[in-house]
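Presented below is the structure to which this report refers.
To keep things simple, chains are lettered A, B and C as they appear, and every chain counts its residues starting from 1.
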Amino acid sequence: MKRKRVSLYIGISIIASLLAMMVVSLFYTPYPVTEMNRDERFAPPSANHPLGTDNFGRDVLSRIMKGSQTAFFVGLIAVSVGGLFGVLVGAIAGYFGGMLDEFIMRLMDAMMAFPGILFALMFVSIFGVGIRNTIIAIGIMSIPSFARITRSGFIQHKEFEYVKNARVKGVSNFRIMFSHILPNVLSPIIVAASMGFSSAVLSEAALSYLGLGVQPPDPSWGRMLNESQVFITLSPWYTIAPGIFITLIVLGFNFLGDGIADLQDRQQ
Amino acid sequence: MRDLNISFTTAKGDFPAVRGISFDVGRNSIVGLVGESGCGKSVTALAIMRLLPGNARLSGTIDFSGRNIVAMHEEEIRKLRGSEISMIFQEPLTSLNPLWKVGRQIDENLKMHTELKGDDRFQSVVDIMRDVGLPDPERLYHKYPHELSGGMRQRIAIAIAVACRPALIIADEPTTALDVTIQAQILQLLKDINREKGSSIIFISHNFGIIREICTSICVMYAGHLVEIAPTEKLFCEPRHPYTIGLMKAIPKTDSKGKELYDIPGKVPSITDTLPGCPFEPRCEYAFERCKRELPQFEVLGEQHESRCFLAGELR
Amino acid sequence: MYIYLRKLFAMLATVFLVSMITFITFEIIPGDPVLARLGVDADEAQIRALSEELGLDEPLYKRFFGWITGLFTGDLGQSIRYSRPVSELIFDRLPVTLSLALISMVLIVIIGVPLGILSARYGDRLPGISISIVSQIGMAVPSFWTGIILMYIFGLTLRWVSPGGYTPWSVDPVEAFKSLLLPAVAIALPSIATVIRYTRNTVMEQMKNDYVRLAFSKGLKMNAVLFRHVLKNALIPVITVLGMITANILGGSIVIEQVFTLPGVGRLLINAISVRDLPLVQGMVLYISLVIVVTNFLIDIVYTLIDPRIKLR
């Protein structure tokens, strides 16, 4: 029994630490992110530079800290956007059912079958690159999973007593859906949000790696991987650091999501 | 079976599921294990085949032709399964593998426990299928479980159980999931098997009507304890335990039309309530002071008739 | 028989739908491919000439029909950048991407499924838990990073394979395989983790079923029960997930081809997007979508072959 809580604690610790790092970076980084130092290029990790320096002599740790801002920002906004529309769509599909539901679900299935990265690429090829379009593309990609989870929750709850009572009392559909049912379906949606966050981070990293996501001067771990790849023989830690942090934040949100899901399971 | 105790070890502690069960199953007999849901009858049956989950702890002895099942290694008991002891489960749709042809599922037993090969084995399976009352066995062999009716599926399950002529068959509520008309046929089939193939049967049920129909003797269980054991007609004519008496009263009879059905007041204790005295005491109308403190021992009342109650000799 | 025809028909309908959507999507694009090619300072005459050459001045429906008929003849238009037919360009790169995808899929199945079963068998004990943890990490690591690291270790440091680049199968099969192995591993890793998780869950679910109890009651050993009875039942949901895995592999290959500089469809796509060579992008999106639709169709067919309960419907 106790074992299951482990996921939750690990997730919380990882995310909390990274979040702390991000908040700190808003006010302070060990070195200015753009400060170049010709003499200290490709320096290995040391007391001065815990994660070494890059090809311009910039401190990698500071750049990583700055990069966490983008990771959290993109994740948060994309998941919020996707979550908002996804929940809306899923609620409507689940509550009203019928042809509308069929149609929406076919659409969602088609979207899920399509490789996410391909969609994002198509999107930026049409609308251009940059952080804003990256967020929109990733947001759209996350709509189907929210829609699915919300829909099944609504399908389940719409048969429950309290919903029937509310209808009999004359409460409007809109209020029933969002004031009555939605709060009860919140748990799995939160789990989906956590998973969506990690998915968003991975997508942004891939897009930025390809040069089609977050553009300079906005920092991005994914783009750092692209920049560092050429120099890998000279300073492998410049490549290792962003990868580790991407993995950490994804792991963190995955564990968090799993932990919350386990918590729900046990309550039931 | 002597003094069988089964408990389950969980993160929250050990829970006794079955306590101090003793009974005998003779050759050619059909012994009924009857009681309400949760009284431990299924657990007892699974213990005989050592099919309980890993956190189960057994003590006591289960003597099978001179060998103690409780003390056996996994390898030893595995050899007995399917060949000497076999089991029939309640729901035939889920107890058969949905992706295997039904004939093959019977064949697997023969393949494992006999030396028969190829055509001989196929013929044996067909014969067994015919014996359990399945029509057109050669064709039926190649069907899948979902293509058969509930009654036919249960016959397949029975065929699997009797394939190797086991000495003991454990039937866990084999007719509960079936239509009433089919129930009668299956019961008759089991009786025939018992008579003609010489397999003893342990028949588990919560339905007294069925138990009376098929069993030669009956063990009544309550909350993990064996409370009364008697030959069938003896039990129905002269029940000597308050619980058994209560159960008898609760059976609807043909002349009880229009009268209120009797219900034993109170409810079955959960596995987490362990009382020092008699488990039935809270609901017993004959209970007195001693019942709360002390667990009654078995009182022998006659030939193979025992009851676990202080008042056993006096109840009518 | 009918069921197969119905599925085939559904697939073709989807194909049509996909092509239509792809076509329409690229029609609403702001920005002008002609200008992209000629530069902003091009004069009217040049723009008109190129537009005519590319057929961009035709009315919409005409172009759509042209597109559709082109699909049947294998003509997907002309690449603006390379001045060669799109289909030709794609075909050149197909072998690379397809081989990559195939090797990845094989790796995923032969590593993921057995580990998943192992993990389920030893469920709550050490091997089971450690496999779970490892697969969690496997899902979190970005595949292109894995690719970079692998290339660094095996390509640059140990020099077991050449770092990047590709040798065609026709020239030297062994070298070809070597150049595809690392990229395939990088692509496969996250999907292997997913399959392990999935397989573990379905196997553990199946183990709770009655027929498993019956199998034990016949005297079968754990291995026999697992592999003869449980496996087939558990694989059915796993096959469903293979459809999603295909999409992952194709998506993954787009990025990985970049990491290892493989001359595949993915890299062509990225280049095309950077220079806004829209006919090319359009063609490749269509190709990738078709691969997915066809693969899902095939998986569906495999389904009906394995599960006898489905045939009857």
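One rule holds in what follows: contacts are C-beta pairs under 8 Å (C-beta built on N, C-alpha and C of every residue); 3 or more make two chains touch, one makes a residue touch a chain.
Computed from a prediction, not measured in an experiment: that's the story for all the values here.
K.L.:
Can you list every chain that touches chain A and also touches chain B?
P.N.:
Where chain A and chain B share a partner, that partner set is C.
K.L.:
Farthest chain from chain C, going by mean C-alpha coordinates, please.
P.N.:
Checked the centroid distances; the maximum from chain C is B.
K.L.:
So what's the Cα centroid distance for chain A and chain B, whole Å?
P.N.:
Chain centroid spacing, chain A to chain B, equals 55 Å.
K.L.:
So the centre of each chain is just the mean of its C-alpha atoms; given that, what is the distance between chain B and chain C in Å?
P.N.:
From the centre of chain B to the centre of chain C is 54 Å.
K.L.:
Just how far, in Å, is the C-alpha centre of chain C from the one of chain A?
P.N.:
23
K.L.:
In the complex of these two chains, what residues of chain C are touching chain B?
P.N.:
Interface residues on the chain C side: 209-211, 213-221, 229, 232-233, 306-309, 312.
K.L.:
Hey, which residues of chain B end up touching chain C in the complex?
P.N.:
For this pair, the touching residues of chain B are 49, 51, 78-83, 86-87, 89, 91, 94-100, 108-109, 112-113, 144, 146-147, 157, 160.
K.L.:
State the interface residues of chain C toward chain A in the complex, per the touch definition above.
P.N.:
25-26, 28-30, 136-137, 139-142, 144-145, 148-149, 152, 156, 243-244, 247-248, 250-252, 254-255, 258-259, 269-270, 273-274, 276, 278, 281, 285, 288-289, 292, 296
K.L.:
In their complex, what parts of chain A are in touch with chain C?
P.N.:
Within the complex, chain A contacts chain C at residues 112-118, 121-122, 124-127, 198, 202, 205-206, 209-212, 222, 225, 229, 232-233, 236, 239-240, 242-243, 246-248, 250-251, 254-255.
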